[in-house]
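What follows is a pair of complexes built around subunit A, which joins subunit B in one and subunit C in the other.
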Partner chain A sequence: MSDDPMQTPRATKGRAPDVFMPGGWVPMREYREDEKVDFVIVGTGAGGGTLACKLAEAGFSVVAMDAGPYWRPLEDFASDESHQSKLYWTDDRIVDGLNPLQLGSNNSGKSVGGSTVHFAMVSLRFRPEWFKSRSKLGYGFDWPLDWREMWAYYREVEDALAISGPVNYPWGPPRPRYPYRAHQLNAAALALAEGCEAMGIPWTETPIATLSAPRGRARPCVYRGFCVLGCSTNAKQSALVTWIPRAIAAGAEIRDLAMVGRVEVDRSDRATGVHYHRNGNWRFQRARNVVVAGYAIETPRLLLNSASDRFPEGLANSSGLVGKYITVQSNQAVWGTSDKEIRSYKSPPSLALTEHWNYEDEGKDFHGGYCYMSQGPEPQLWANTLLSGRGLWGDALVSEMQNYNHVVGLKMVGEMLPQERNAVTLADETDQYGLPIPCVTYSWCDNDRAMIDHALGFMGQALRATDARDIWEQTDDTCHLNGGARMGDDPRTSVVDADCRSWDIPNLWICDGSVFPTVGGVNPSLTIQAIACRTGDRIAAMARRGEL
Partner chain B sequence: MRGRTAAIAVSGLFAAAVLGGLAARGRRRPPARRTRRDHAARQLDWGAATLAGSVLFDSAIEHYRGSFEHLGMYVPLAVASASMATSLSGGRCPGQLRTGTSVAAMLAGVAGLGFHVYDISKRTGGWSWQNLFYAAPVGAPGALSLAGLIGLAAQQLRSGDWPSDQQSGRALAALASAGILGDVAEVWLLHFRGAFHNPAMYLPVTVPPAASLALAGIAVGAGRPTLQTTRGWLWATAATGLAGVGFHAWGVHRMMGGWRNWSQNLLDGPPLPAPPSYTGLAIAGLASLRMMEDRHD
Partner chain C sequence: MTERYSGYDVMSKRNGPSWNDKTRQVVDDRLATPRGPRFFSETEYRTVESLADRIVPQPHRVDPIPVADLVDARLLAGGQDGFRHLGMPPPGEAWRRALAALDAEAQAAHGANFRHLSSPDRDGLLHCMHEGRLDHPAWQGMSSQLVFTQLVAKDIVFAYYAHPTAWSEIGWGGPASPRGYVRTGYDRRDPWEAAEVKDGDAAAAIRKNRRVR
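For the complex of A and B:
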């Protein structure tokens, strides 16, 4: 049998790949398909991987499926940008709207561990007010969660991932010290710091999910900077090397290369299990509860694709909001050329940041906030950026690439506003499994544009305050898709409640970035994992009270 | 390749210092009857030599890592080697040479301190944790000054310029106590940077402070703890310093590629030569206790 993890499932025969050892295995419990497991989870990323761990550790029987392969980073990851695109979800999707999204590398992953296998590791907490942004700040929607409770779950995740962060964090209410110390700043991060000091605003070392000291069987970061293409040292604390090994040790089964096509619901409106495609066949796994955690595009798609006679508009969709209010974050940048050698591609890409404009409300002509951070694009990505952002090609591109070692840039992560028209719907075309593919519609609103203008202006000034010259703006980039199955207090205006339980089908849960009512101005993965931890605790508590 | 050449060069310096020093010592006729003073002086030699050896290797590794950006970065290597050689040669070394090297070591340490402080202050972020963690270590050059001071004390003691009595013993105890405390501060900072990820990392910030405290008690003549207890803590501190090399070797193994990737991990992993500085200081502390007992001589 082939050992290509993209062709042949690895987690079979009672064992799963040992992510810490080339060729290694760990024992894994397996469940029969006709055995009603307590939970089947669709997707093993930030949401699903975390929840699988929490539920297994709480004593539930768990099968977690992922459409992607089960990697051993030490042996499967190459230092080659093209090759590593194997980590991305590149199945067919249609994009439209006034500002169609670029999907692929900068959005979602397809691996056991989900997008965290190739994410940039920035691990930030929400500003507390964002959980009530409608009532406290006058825009967006309120979350049904309390920030103080979230503060405790953030801590749980930061510990689980041994986040390396500054000794003191300059913004927001006090937080406990990060488990590991900040990494040494690279020149790109120092440029951010210089700019902030010139502009008179605080900056800090980015709390980041890569090790600054050894931990268990994981090695500390070697600062090679290949992070968004998969970390081959396991320094990166992705779900693949943190939550999932814990889940397996606690008795969960992971099924790799298992694409779920449909959630089955019986006549009493309860989910009974999932139809999934593995090893060339469609199969069915029975379950008492189904959790969908496939990322903000695949989650709505699966719910819509699971429409039945009783739920013609798709599952959990009595509000009509499944797929609606998907929200990305603005990811515009300013770039320049420094006289110094910057080599920004060394080290994790975003070692320093400022959240100033997340916490400062004065002097803004827009709602919401943004942070910005230092950058470290790998060469192919950089060439692509020059092509798409400045239209460089041929000799012009080659000559500009000569400056690669001197490139320095600042990039925002900004809060776009949730709009109903931004949505995931089903297209007529089908994919390799015969399933209708998603259509992702996106348009910016005036507020989004005002924030982007503000950020580009401010970052430009900050970069000019360093020795950078030839400064230009990259105006069209987005990242981090969330929403599409938002949580709320009211079944008429939300898809799930605060516990990620769908209003319509009591044993169907949604636990990933799609439950976000608003996206805030920080990268989302820490919040997704904190919500998953909370959901795990809530489910265990409900089970104890017989409320499942 | 450059790494290997540098490693060979530094090992050569070390070997020359050790062999040179010991050869000189070997030619010395044994004194008719060794006094406590001789013992104490010899112990101080060993303390100074250990400390200087630790500085030699540590600064070699760190300054190599810093690409020997300017000539000044070679100074601690040269001075620490000389200091080691003269300390090891003990009484055979001409007094003036010994004094000269010791003074040079003291000055080089102070100058290094100045450079390191300057280096931090001009960095973005100034006196931030980031720079305390990753810029040139503030306290490290102090070890060279201490090696010089202890070497000088040995020399003075042996020549009789300095009496081997209670008062000298106390002064030396105070010096060793302060030195250990400085070392503790440095170790705490770097182990804090490593988030104390291994419980063993607490050892060098608990045992040596106890020794330092005990020595301070001796220095101020508090009457407590006893010489015996203090000696126990000092031996424990000396052992911690040696064990540290082993722990740091384990730490190198835990870096990506482990010992197979030694040329990188010796630079980026925990510093192998640093912990024995505790051993050197503890030996000096032990010498001070010996001097305290001199009245029984």
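For the complex of A and C:
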């Protein structure tokens, strides 16, 4: 049988890959398809992987499926940009709108562990007011969650991932110090600090999910770079090496290369299980509860593709909001050339950041906030940035690439506003499984543009305060995917409640970034995991009270 | 002109602690990419070569990076980026249409196929394509600008910078697992990284680069 994890499932015959040992295995419980498991979870990333762990540790029977392969990073990951594109979700998707998104590389993962296998590990908490941005800040939508409760769950995730971070965090309410000490700053991070100090604003070492000291069987970060292409030394605390091994140890089953195409719902409007494709066949797993955790495109797509006579507009869609309010983040940058050697390919790309403009509201002509951080593009990504962002090709490109080791940049993660017109719908075409493919429509609004202008202006000044010259703006990039099945406290204007339980089908849950009503100005992974931890605790409490 | 990283060859690290087995396998496979068209037709392949010659020129290189072969290999393997614009076909079909459209534009403007045009004439057409000013019916509704930045030029640039020769050219450290790096601050270089020619002293850089392992 093939040993290619992209062709043949690895988690079978009562065992799963040991992610910490080449060729290794760990025992894994398996469930029969006709056995009604307590939870079947679709997706094993920041949402599904975390929730699988929490539910299994609470004593539930759990089967978690992922369309992607089950990697052993130590043996499967190369230091190579082209090859590592195997981590991305590159199935057929159509993009549309006034500002069509670029999907795949920086925002969509297809692996056990989901996008956390190639995320940049930046692990930030929301500003407390963002959970009530409509009431407190006058834009967007309120979340049905209280920040103080989320603060406790952030802590749980930071401990679970042994986040490396500063002793004192400069913004927001006091927080405990991070579990592991911050990493040494690389030159790209030193330049960010220089710029902030010149502009008179605080900066900090980035709280980041890569180890600064050994932990269990994982070794500390060796500053290899390549973080967004998969960590081949296991320093990165992805779901693949944290939550999922815990889930398996607690009795969960992971099914890799298992693409779920449809959630089945019976005549009493309860979910009964999922139809999934594995080893060349469509199969059915029975379950008492179904959790959809496919991220902001695949989650609405699955709900829409599960339409039935009783739910002709798709599941959990009585509000009409499934697939609506998809919200990404602005990801513009300023770049320059330093006289000094920067060599930003060394170390994680974003070791320093400032959240100044997330917490300071004076002087803004827009709603929302942004942070910005240091950067470390590998050569293919950098060449493509020069091509697509600066319009260089030919001799101009080859010549500019000679400055690669001197490039220094600052890049924002900015809060775009949720808009109903930004949406996931189904296209007429079908994919390799015969399932209708998603069409993702995206357009920026005036507020998005005003924030981008502000950030580019400010970051440009900060970069000019260093020795960087030849400064230019990369104006067209976005990152992260959220929304599409938002949470709320009114069934008419939301898809799930605060516990990620769908309003329409009581045993159908959604647990990933698609439940975000707004996105804030920080990377979303920590918040997705915190919500999953909370959902796990809430489900366990509801079960104890007989409310499932 | 002296090369900025004279004497540096990223492949000198291949058998050292900066390369793991998987990386050696991946790069070896790439360097063994068969020559000649497999996905493209012979004529299409020549056009891709004439495009790559303008997008990533390498006129003086004795052993040029086989850009057309690398692009061909990726399309043969069915490589996709994870999105396509409404109205755009999948990458392989879009490439074929784009090559046919470039020939149609070249015929209309210069009376010859694209690959037979002079370098300045090819550059001229590519500038128009980059700016979205090509609209011959042969594009079949595709935006020439999008096809340039998100398909044709992009695939060519990715192919070029997937090759160790290009890595050496820009002084990149290259594959780095499991060893990684130690010295990461301003103007810091590990002994296993490329040394830059400073103050015109190529000999000093060459000495350091010969010791890179």
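FYI, the second predicted complex is superposed on the first by the 548 of 548 C-alpha atoms of A that agree within 3 Å, B and C clash if a C-alpha of one lies under 4 Å from a C-alpha of the other, contacts with A are read in each partner's own complex, and residues count from 1 in each chain.
Please note the rule applied: a residue touches a chain if its C-beta (ideal position, glycine included) is under 8 Å from a C-beta of that chain, and two chains touch if they have at least 3 such contacts.
On a predicted model such as this, the values are computed, not experimentally measured, just so you know.
In the superposition on chain A, A:Tyr180 makes contact with subunit B only, while subunit C stays out of contact range.
In the superposed pair of complexes, A:Ala78 makes contact with subunit C only, with no contact to subunit B. By the touch criterion defined above, A:Thr233 reaches both subunit B and subunit C. In the superposed model, A:Glu33 lies in contact with neither subunit B nor subunit C. Contacts of A:Asp266 after superposition: neither subunit B nor subunit C is touched.
Judged by the number of subunit A residues each one touches, C leads among subunit B and subunit C. In the superposed model, A:Arg343 lies in contact with subunit C only, and not with subunit B.
Of the two partner chains, subunit B is the only one touched by A:Ser212; subunit C is not.
Touch criterion met: A:Asn384 reaches subunit C, while subunit B stays clear of it. Looking at the shared chain after the overlay, A:Asp470 reaches neither subunit B nor subunit C.
Applying the stated touch rule to the two superposed structures, the overlap between the subunit B and subunit C interfaces on subunit A comprises residues 184-185, 190, 222, 233.
Put simply, subunit C touches subunit A in their complex at residues 4, 18-23, 25-27, 30, 54-58, 74, 79-86, 90, 123, 126, 130, 149-150, 153-154, 157-158, 160-162, 166-167, 169-182, 184-189, 193-194, 196.
Across the complex, subunit A meets subunit B through its residues 162, 166-167, 179-182, 184-185, 190, 193-194, 197, 205, 212-215, 219-220, 222, 233, 235.
Touching subunit A in their complex are the following residues of subunit B: 124-125, 129-130, 133-134, 192-195, 197-198, 251, 254-256, 268. By the touch criterion given at the top, residues 74-83, 85, 88-96, 100-105, 108, 184-187, 190, 221-226, 232-233, 340-343, 345-347, 378-380, 383-384, 387-388, 391, 393-395, 397-398, 401-402, 404-405, 439-440 of subunit A touch subunit C in their complex.
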